[in-house]
Amino acid sequence: MRERLTEIIDKCRPLYTQGKVARYIPDLAKADPKILGASVSNLEGDIFSAGDRDFRFSMQSVSKLLSLALALELLGEETVFSHVGMNPIADSFNSIVRLEIDYPHIPHNPLINAGAIVIVSILPYESAKECFEAILNLSREMTGNYNLKINEKTFLSEKATGDRNRSLAFFMKSVGTLKGNIEDILDVYFRECSIEATTEDLAIMGATIASGGINPKTKKHVLSDKTCKILRSLMATCGMYNASGEFAVRVGVPAKSGVSGVILATVPHRGGIAVVGPPLDSKGNSVTGIRVLEDIVNEFNLRIL
Amino acid sequence: MRERLTEIIDKCRPLYTQGKVARYIPDLAKADPKILGASVSNLEGDIFSAGDRDFRFSMQSVSKLLSLALALELLGEETVFSHVGMNPIADSFNSIVRLEIDYPHIPHNPLINAGAIVIVSILPYESAKECFEAILNLSREMTGNYNLKINEKTFLSEKATGDRNRSLAFFMKSVGTLKGNIEDILDVYFRECSIEATTEDLAIMGATIASGGINPKTKKHVLSDKTCKILRSLMATCGMYNASGEFAVRVGVPAKSGVSGVILATVPHRGGIAVVGPPLDSKGNSVTGIRVLEDIVNEFNLRIL
Amino acid sequence: MRERLTEIIDKCRPLYTQGKVARYIPDLAKADPKILGASVSNLEGDIFSAGDRDFRFSMQSVSKLLSLALALELLGEETVFSHVGMNPIADSFNSIVRLEIDYPHIPHNPLINAGAIVIVSILPYESAKECFEAILNLSREMTGNYNLKINEKTFLSEKATGDRNRSLAFFMKSVGTLKGNIEDILDVYFRECSIEATTEDLAIMGATIASGGINPKTKKHVLSDKTCKILRSLMATCGMYNASGEFAVRVGVPAKSGVSGVILATVPHRGGIAVVGPPLDSKGNSVTGIRVLEDIVNEFNLRIL
Amino acid sequence: MRERLTEIIDKCRPLYTQGKVARYIPDLAKADPKILGASVSNLEGDIFSAGDRDFRFSMQSVSKLLSLALALELLGEETVFSHVGMNPIADSFNSIVRLEIDYPHIPHNPLINAGAIVIVSILPYESAKECFEAILNLSREMTGNYNLKINEKTFLSEKATGDRNRSLAFFMKSVGTLKGNIEDILDVYFRECSIEATTEDLAIMGATIASGGINPKTKKHVLSDKTCKILRSLMATCGMYNASGEFAVRVGVPAKSGVSGVILATVPHRGGIAVVGPPLDSKGNSVTGIRVLEDIVNEFNLRIL
């Protein structure tokens, strides 16, 4: 299996020229566009990796799954979805248009920026510090890597340039969708985006979601089956921003991407896959990553759609 | 199995008061809101039905799968998706806003009205008559029911009140997205919407899509595996209009709904399910139908997400 | 005065390269871009012209003033403005977005396409023929030129390519904003757009609006003072499409433009000005026309804002 | 004249029930809805007042004229209109939709919130303090009242609840439209909104704009003629938010309203009028104020459109 993965990586690496490394967060802009790595984990905890397996990247939007999972576990489905919707949109991940046009003025789903910010805001913690620690802890439980931590430089870079997220947050505050201290909420949001991981870490996280909440490495039951179903369903319909339909056609498994070039995919009852390749297409998804995923899914017959 | 289906139908039927029968097509408005029926077909051709199994309803938007399948078979994926997108939108199925705002001015996916109209327009036939006959023929091959035909009254009713669809078509013509004679194109579109079927017919159609194109009743190979993958992927992300994410969370299988109250679901490599219950929720999906599907999927462990 | 007008025309004519002749109606596309003419009429009926004073052009959107004036005279302000709004929009003259987004779904003002189509639809005539004759008659009364008639070729060209207007009309029919036979309504709309005139004709029309309804050439009282106030107010705020604010800053008099390159301006209690120059800017207004108007208004101290 | 004004005030005061006092700024919500006052100033400095002539209200959006005038005087028309547009929009004064949809992402005009915030941001001062002092100074020069100052409670109230304005500002910062420190810019913006005045003060300000920049009370030349032309033109087309067309039809003079219930009108080369009546209509304009203005304009024959 490792050999086939390596062949796929080698075949797809030259495609990096078709995308552009994210530039809006200065710290991400420095990434080497040729980086490409992939890991696959089954539910027994076997992991296969190829390419830049040691490359550490920030989770970015993949971390939206962490805060959503935590909110679902702590508050329940009904409460969570009274604050955000569950449906995909055609707008980009940081768009504000529909928040203003549609009534009620709540984000359409928890996997776009506005939605993830709301999710962070409803987590029942006393302080931003406590809140982030709970998220970080969940990231460790889901990956089985108890050394995960944020990249401080990335965090500061996000914080310094997060004006669009501030705009979204203040808009939602002005219409009553968001309560609390904006900078505290965004602090947690930027921190979760800055948690660093490798593809091996995220393949295990994907397998944990695939299995109904049991981490294949630690064997611990870290999420309920119901929460995992919701995560998988929203990844399938909203996980790849406004390219979720196209990704379903091409690859056909639930996935969530991040602007660091990561894509975490989950194959229900089978396992998890994580890829990283910094150059992005126009919708913010890794061009080499999608291609690698497509090949892995086809090679190992993992497509569910 | 039939008994469990019957229990589900009996349990869900009283929920009909939570929706409203579609009124914008006069012919649909007459439907009895208490109607509720469901059929399940496996890949071996076994069919189980309960409730109003003999109720004949028009396929409405479920027929969008027919013209899309035909276009994919005849023209190929690349050509088809140069004319329409593949991604879900948050707007209602007959919205024109994003067609005007976004560039290029092509429909976001083939399962909303604008997209289905474009698909009909690119089908390579000499006349509207020939074109519709090919669609009707495919509906017969996919259901294994060679008696399928349109309900003339429904067709005339759609034609008489289809002004929103005319608006969409003329808009697309004005921006070059659509070519050809509008009334001819809409004639085919309204006709496919008016094809009448029962839940048994559509359960077989769903199983055909699930199996990779082999009709379980006739054993004929009527669609390519690739076309079926595309249908399933677009059903999963765009099939329930702007409630596709919510449906994925609740039910977790690819499906396509129609305003006659029908929902056709497909369980990859397992089978097809069709339900009909005329009262609709605010997004145009059958309220009793969704509930029945949820129960069937849970009861028989068919969820894929 | 004629000399100063001629100097202005000569000075502005070379600017024709900054715009583009309208291409979406084939018949307009043939216009010589160097054409430039202007006429000024005071309330005593003195007319001064320069440049291409004999050039006959179709009135296009300037004719929206005719149907609006007729509707106001026949139905009264209250009825008219229950069918259309009175406010400017930032969208282009043929946009459909706000018709769908805003509630009620009525056009924002009678000087954009959707609004003018609604105005034509509410005129209280038995037939399209009668309706258009009333509009044509009013055009003759307002210009004092009883030979005005439509250019048949332009009319047929508009009719053949008017798909965007059909889209607007069918949309409005689908939401109940517009009643009646769409092709009949559009027939009248396309005909009024095709009425041919010279700048002299329209300078008198402008003076008629300026005077409170008395045609300075025929001395006939052809419109009420109240109707003229409404026309002037809507011209000032909505007359130059989505460049109405910019035009107010630059020129400072109420005006209405048409895609044939015409601009009709009215100086309350002073007189009328008409210019024609086919090349248009990106918002559909004559580039040379605006410049000539600016110079005339400054030269003769006609600015009201 | 004073008698006629008093009659008009008495006649219109009972209409206060048709509107609602602004609630989104807590400090404004306390205003007595029955308050109604009006002042008229000619170019010779004669002032006539009636009703609540001593009522002091915050200028709110009327202050947008101050920062715009200052920017035009200091930076010139060309620079100012490279940062904001000049055209009316159909959206509400605090909408963000078009800022995101349209390219370039600049506010459509300087009299909506986003536009006024940009104008404040480009004023060439070293500090927020200096910047506001220049604006306050201009307010004193334009009203001839050297005691004008802000209401601190209103300012703090605006600052505490100005989240929508923060959202607009951060959005514009994220797309490069706005530069500088957001809280500093908004501090100046909220301060100018909080400058308190009476209708007499603002009638003189209106007369100053009407005269081409000469304050009729102090005889000082405080603005250029060109700046006054621009102010009058933008007031005529954009001054009453998205009801500017309707106001032009009903009243027919350039005006600017504020959510404290104030309307400042200017009659070119004739004089200024200011009215205040706290209850607002759905678009944010004073219901009693519009009615009083309409009566004053008709009574004294001041309409220009």
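Labels for the chains are A, B, C and D, by order of writing; each one numbers its residues from 1.
Keep this in mind: contacts are C-beta pairs under 8 Å (C-beta built on N, C-alpha and C of every residue); 3 or more make two chains touch, one makes a residue touch a chain.
Everything numeric in this text was worked out from a predicted model, so none of it was measured.
By residue number, the contact pairs of B-C overlap by more than half with those of exactly one pair in A-D, A-B or C-D, and this pair is A-D.
Separating the CA-averaged centres of chain B and chain D is a span of 54 Å. Between the CA-based centres of chain A and chain B the separation comes to 32 Å, rounded to the whole angstrom. Under the contact definition stated at the top, the residues of chain C that touch 2 or more other chains are 101. Under the stated contact rule, the graph of chain-to-chain touches is a ring, a single cycle where every chain has exactly two partners.
The part of chain C that touches chain D in the complex is made up of residues 85-91, 98, 102, 108-109, 229-230, 232-234, 236-238, 242-246, 248-249, 252, 254, 268, 303-305. Contact residues of chain A toward chain D in the complex are 95-97, 100-101, 163-164, 166-171, 173-174.
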